[in-house]
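Two complexes are shown next, each including chain A; its partner changes from chain B in the first to chain C in the second.
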Partner chain A sequence: MSSPTTTEIVARCQELYEDLHFTAARKWKEAEPGRKVIGYMPVYVPREIIHAAGMLPLGIVGGGDNLEVIHGDAYYQSYICRIPRSTIELGVTGRLDFVDGMLFPSICDVIRNLSGMWKMLFPEVYSKYFDVPQTYEDEIGGTFYTNEMAEFRKDLEEIGGRKITDEGLHKSIEVYNENRRIIRELYDQRAKTPWKVPAAEVYLVVRAGLVLPVEEHNELVLQYIEAAAKEDRPIRDNSRVVLTGLFCEQPPLNLIKSLELSGCYVVDDDLLLITRWLIGDVPTDGDPLHNLSQAFLHHSESTAAKYEPDLEEKGQFLVRAVKRTGAEGVIFASTSFCDPALLDRPMLQNVLKDAGIPFIAFKYAENSGQMQPIREQAGTFADSIKLWSAA
Partner chain B sequence: MRVTTSTAQTTDVIKDASMIKQKQMMAAHYDRLTSARENGDKVVSTFVPGNLNELLMCFDLVNNLPEVNAIQNGLRRKSGAFVMEAERAGHSEDVCTYVKSDIGMMAKGNIGPNGKELPAPDVLMLSYTGCFTFLKWFELLREQYKCETIFLQTPYMADGKITPNMIQYMVKQFKEDVIPKLERISGVKFDIDRLREYLRKSAKAEDDLVYILQSGKHVRSPIDAYFGGIYYIGPIFGAFRGTDDAIEYYQFLKNEVDQRIAAGLGPVTPDGPMGEEKYRLVVEGPPNYTNFRQFWKMFYDEGATVVASSYTKVGGTYDYGFRHDPDRPLETLAEYCLGVYTNRSLPMRIDMLVDYINEYQADGLLINSIKSCNSFSAGQLLMMREVEKRTGKPAAFIETDLVDPRYFSAANVKNRLESYFQMIEQKRSGKGVAA
Partner chain C sequence: MTLAAGIDVGTGAVKAVIFKNEDGKEEWLSRSILRIRQRDPMELARQAFDETLEDAGLKESDLDYVATTGEGEAIPFHTGHFYSMTAHARGARFLDPNARAVLDCGALHGRAIITDERGKVLNYKMTSQCASGSGQFLENIARYLGIAQDEIGKLSIEADDPEAVSSICAVLAETDVINMVSRGITSQNILKGIHLSMAGRLARLLKSIGAADSLIMMTGGLAQDIGLVEAMRESLGKLKGVEANVTSHEDSIYAGAIGAALWGTFRYDKLAASGQLLQAS
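Now for the complex of A and B:
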């Protein structure tokens, strides 16, 4: 059997991306009686625990630009971002009627309040606000978080009617370790050869992991890495940029494509951060919840949704990303009305200014249609970076 | 600019003893703040929800509340320019205007309401309670002041209950992080008995506050629990909880409320005693401060009294029974933070509003939705429908902002209110609620 081409793999991922009825996840659930699906929103939840319960973690990141929001707007004022309203749309139109539980991570007050709305709108569904520590001492934030995860584990045991063993958790941690390793490999590959690994393809391939069982996703990403390496795609004279601020509401696929078309190679980003949230492998022996907690406290990504206790460290993750990937600039793409991203932005920009890294900024919504202004802005940025480095 | 009109707002009202007392307290506080450097006092900036005043007083720190400064600037019509200043400096037009008013104020010399410069804080007490924006706000201030920041996380009461894990987490933060840092920064050793004493005083004032807020249950309410309520909560939500001043203030106020009840009088408005009480409302959401008096007038001109509000619970839900408890000093501070209104789940907030409508015999719910404030605003449309459904009383929705005058459209608000009052009339006469 010949291995699939990038076109084939991407086509499959695109199909999964466009399918707002989540057919793949529905099929998974129907395949065996008693199977359960637990949805989660950005930015991070420990999917390992859901997996160890024999359930499918399903990433819900709004409706994108293909969903017509009819009911959702009746729930939100115009000055609130899009992702909660399109997520409600998915819910009230029955597209999530197979989902047995929903997790709302502590990313901001909008998703926090959505957790309560979900309880009211779908009282039969398990719905949990997933609180994480913003203090990072083992004995303080660590203990709190381990206990929160233990409570979640107990909830899932009740829903699933079976015990979640430490051994099961170790196995799940291992398979997610592998997923993170593979995705990081894909990101490294893109940073090294961005012309072979277009950002929109990377996005689709990674995004497939939100709806597929992790084992299947591991295989899919590996296949893509292999196929992309073989591709013979022309090198363009693009500038290399790090894309940041997209950790929650998703940009339209067109936006990512537009950036590359306008002369920017995206060599790193904070899209679908859950797939890379934990840095390095989580140990697969000892107390699994403690291990997950330690990884969260000491080896996880930085983003606006997280408090940075050290002023000196503030924004340095971005400088490091630029250095690691050999990027020449940073693009801040923030969701309109997103307090976390937009309040963080000036601080990050100051850090970049100090480090002499050029940047631009714009806002988007998941249903932004007009790409022309963004294309022009990104194009000018790419040109100016080239002029700048030539000078 | 209409800066000068601001003084009129406070001078031409009929002054009660409590008002005079509050004015003196505020003036003395701002004087203490602006002369902190000369007096060798250390200054802490912190937030109203999750305000740890009793604890901070144990370290002789002077409390500066950026939220209150933003309100003061809103009332004095200075916030609009500050917000624009912050936007010019690169802050997004989309984000919370409290933050921008504060940042703009700093950029313009950080002048307090007494016309003197506010000192840079020695420490930022980031009590992350009920609002995510707090976290970013103080990261921004830290960047500016380069001063030590102490972080306290209050877990969100998502499931309508306080769990032992939440309390343990908070108490540990107090013991192992917050208190040792405050000791080091202030040079004052922590004395738990001193804390108990302050907590005892808090509870005393809290009793009176609840009595005052619940006087709104009288049909012909002696108070306006939103516009007037803003003043009533000032001392206890601000820098005075745990002080003798606060106890005295609430005693004055309680006496005045009792007198008004005995005389069958309604609330005192900026234009004098209010006329007939035609409508009794429950209000959800913060007020608009830039046009505060104009906004209030739209209510009292029509005979509408706010008999209960959720905003007066952002600094504590005392009417639900919470009191600071000197016998459990750290646990009580944790419970206090956990219970504040914006840290309550949406279903809990709905329950509260439904209770208010029933217990205060209100005609309905009005939501003032604040563009700035995701913490309050996200979910309010569902809340409105749910409260309507559960009480059978009409609800209405208006949109303004706290301190950004660009989002206060007087004509729109007035129209909405007028049609809302008509809706209430129709409901009363049994004609049903207009769509």
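Now for the complex of A and C:
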């Protein structure tokens, strides 16, 4: 059998992306009696524990631009982002009626409130505010986080009716280590040959991992990497940019496409960060929860959503990303009303200013439909880099 | 020697040009313009491009850079795309090296741009979404009046008592025009009224970015409308403390394509100088 082409792989991923009834996850659950699905929201949860429980971790990142929010607006005031409204909409319209549990990581107050609403709206569903540490010291954040994961492990054991062994966790850590390695390989491939690996395709391929079993996703990403390398796509004279601030509510696919059409090659981003949150392999021996905790504290990605106590280190992750990928500028794209992204933005911009790295900034919502202003900003930004940068 | 093509896909027409740059001397080798008229702009872009190649006696492979602008970013054979404002700023500088402000008036919007001596955009402002400052609106009015597009300017400058038109809303303005026709106002005075209304908005745009006292080059499809150019002079003259200095050029409609091609040669030379040519050509 011949390997699938990029067109075939991307078409399948697009189908998964557009399916707001999560048919693939429903089919997985129906395939064997007793299977459970645990939903999670951005930015990060340790999916390894869900996997070790024999359950499917299902990424819920809002309803996107194809979902009309009718009920969701009644639950939130107008001056907050759209992801909680569209997630409520997914819930109250029965699109998540097969989900046995929901995790709400501590990204911001809005998502924390959503966890409370979920408890009230769906009392029969396991619902947890997953409190990841804000302090990165072993004795404080480390102990707290290990306990938090132990509690979650116990909860899943009760829901699944079976023990989650250390051995099982080691195996799950290994399969997610593999997933992270493959996705990093894909990101490296894009940074080296962005004309062969369009950002919108990378997004769809990575996003498929939110709804597919990780083993299947590993195979899919590998197939895409192989197929994309064979693509004979023309090289454009585009500007290479790092895209940042999109770690929670997702931009519409058209926004990513518009950036590329405007003359930008996206060579790094913080989209769907859960797939790359942990840097390097998590050890597969010893205490698995301690290992996951250590990885979170000491080997995890930086973003505006992560507390950085060291002012010298603040924003350096962007400077490093620019250097690593050979980028020529940074685009700050954040959801309207996103506290974590927008409060940090001026500090991050000052770091870039000091480093002499050009940047622009705009806001979006997951249902933004008007791309002209974004094309205008991205297009003129790309032009200014191409024509007036020193290189 | 660097050879580059510029292709400007506008709302009303596709324009293509080829330029040669040898030791800083810019030479315009060929040009083509095709009205879209409900045809596929991508096919027309290919056709216009082929025509310019043929006229210049060149093959596609002879070109160092194929630059697109306007809505041309999806053209499959381009090397790089420049935003229309960037391209118009450079095109205007080619048409008149003394121009420091550009008024790009196309079918869907007007945009005032101020540049430095290199053609680098320093500031800009564009009309809002409202259609009453656009060429499309003018085209609609001409159709109501039963006038050919190329007659608009000529008739407008013959006006002796221009009638004021709403400058806020295309719908209101169209109603105004229907009323004027029924009141027996001449086409000349109606068209001049519309030109003055559009020019008033555009003059305020120019003033707001500090470009009103520069030499202003009009580009885009409406730059060929002598009635609008005259109305711009009058409107700018009326703004207190501003000396009207508006110019147009018979090739103004090519400004976007010219700018794209010239930036293409510039970009190619820049990449060559930094040893990055293989990465982008």
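Going forward, the second predicted complex is superposed on the first by the 389 of 391 C-alpha atoms of A that agree within 3 Å, B and C clash if a C-alpha of one lies under 4 Å from a C-alpha of the other, contacts with A are read in each partner's own complex, and residues count from 1 in each chain.
Quick note on the criterion: contacts are C-beta pairs under 8 Å (C-beta built on N, C-alpha and C of every residue); 3 or more make two chains touch, one makes a residue touch a chain.
Computed from a predicted structure; not experimentally measured.
Of the two partner chains placed around the shared chain by superposition, chain C is the only one that A:Asp237 touches, whereas chain B remains out of contact. Once the two complexes are laid over each other on the shared chain, residue contacts for A:Asp109 go to chain B alone; chain C is not touched.
Once the two structures are overlaid, the count of chain A residues touched is higher for B than for its counterpart among chain B and chain C.
With both structures placed on the common chain, the touch criterion links A:Asp383 to chain C but leaves chain B unconnected. Look at A:Asn291: by the touch rule set out above, it reaches neither chain B nor chain C. Of the two partner chains placed around the shared chain by superposition, neither chain B nor chain C is touched by A:Asn179. In the superposition on chain A, A:Tyr79 makes contact with chain B only, while chain C stays out of contact range.
When the shared chain is aligned, chain B comes close enough to touch A:Ala304, but chain C does not. Of the two partner chains placed around the shared chain by superposition, neither chain B nor chain C is touched by A:Thr93.
In the superposition on the C-alpha atoms of chain A, no part of chain A is touched by chain B in one complex and by chain C in the other.
Those residues of chain A that touch chain B in the shared complex are 74-77, 79-80, 84, 106, 108-110, 112-117, 119-121, 128-129, 131, 133-135, 137, 139-141, 143-144, 147-148, 151, 304-305, 307-309, 311, 314, 334, 336-340, 342-347, 349-350, 363.
Those residues of chain A lying in contact with chain C across their complex are 234-238, 261-263, 376, 379-380, 382-383, 386-388, 391. Looking at the complex, you find that chain C touches chain A at residues 65, 73-74, 76-83, 85-86, 120-121, 263, 266-267, 270-271, 274, 276, 279-281.
Residues 89-92, 94-96, 99, 126, 128, 131-133, 135-137, 139-140, 142-143, 146, 149, 151, 153, 155-156, 158-159, 163, 165, 168-169, 172-173, 176-177, 345-350, 369, 371, 374-375, 377-382, 386, 399 of chain B touch chain A in their complex.
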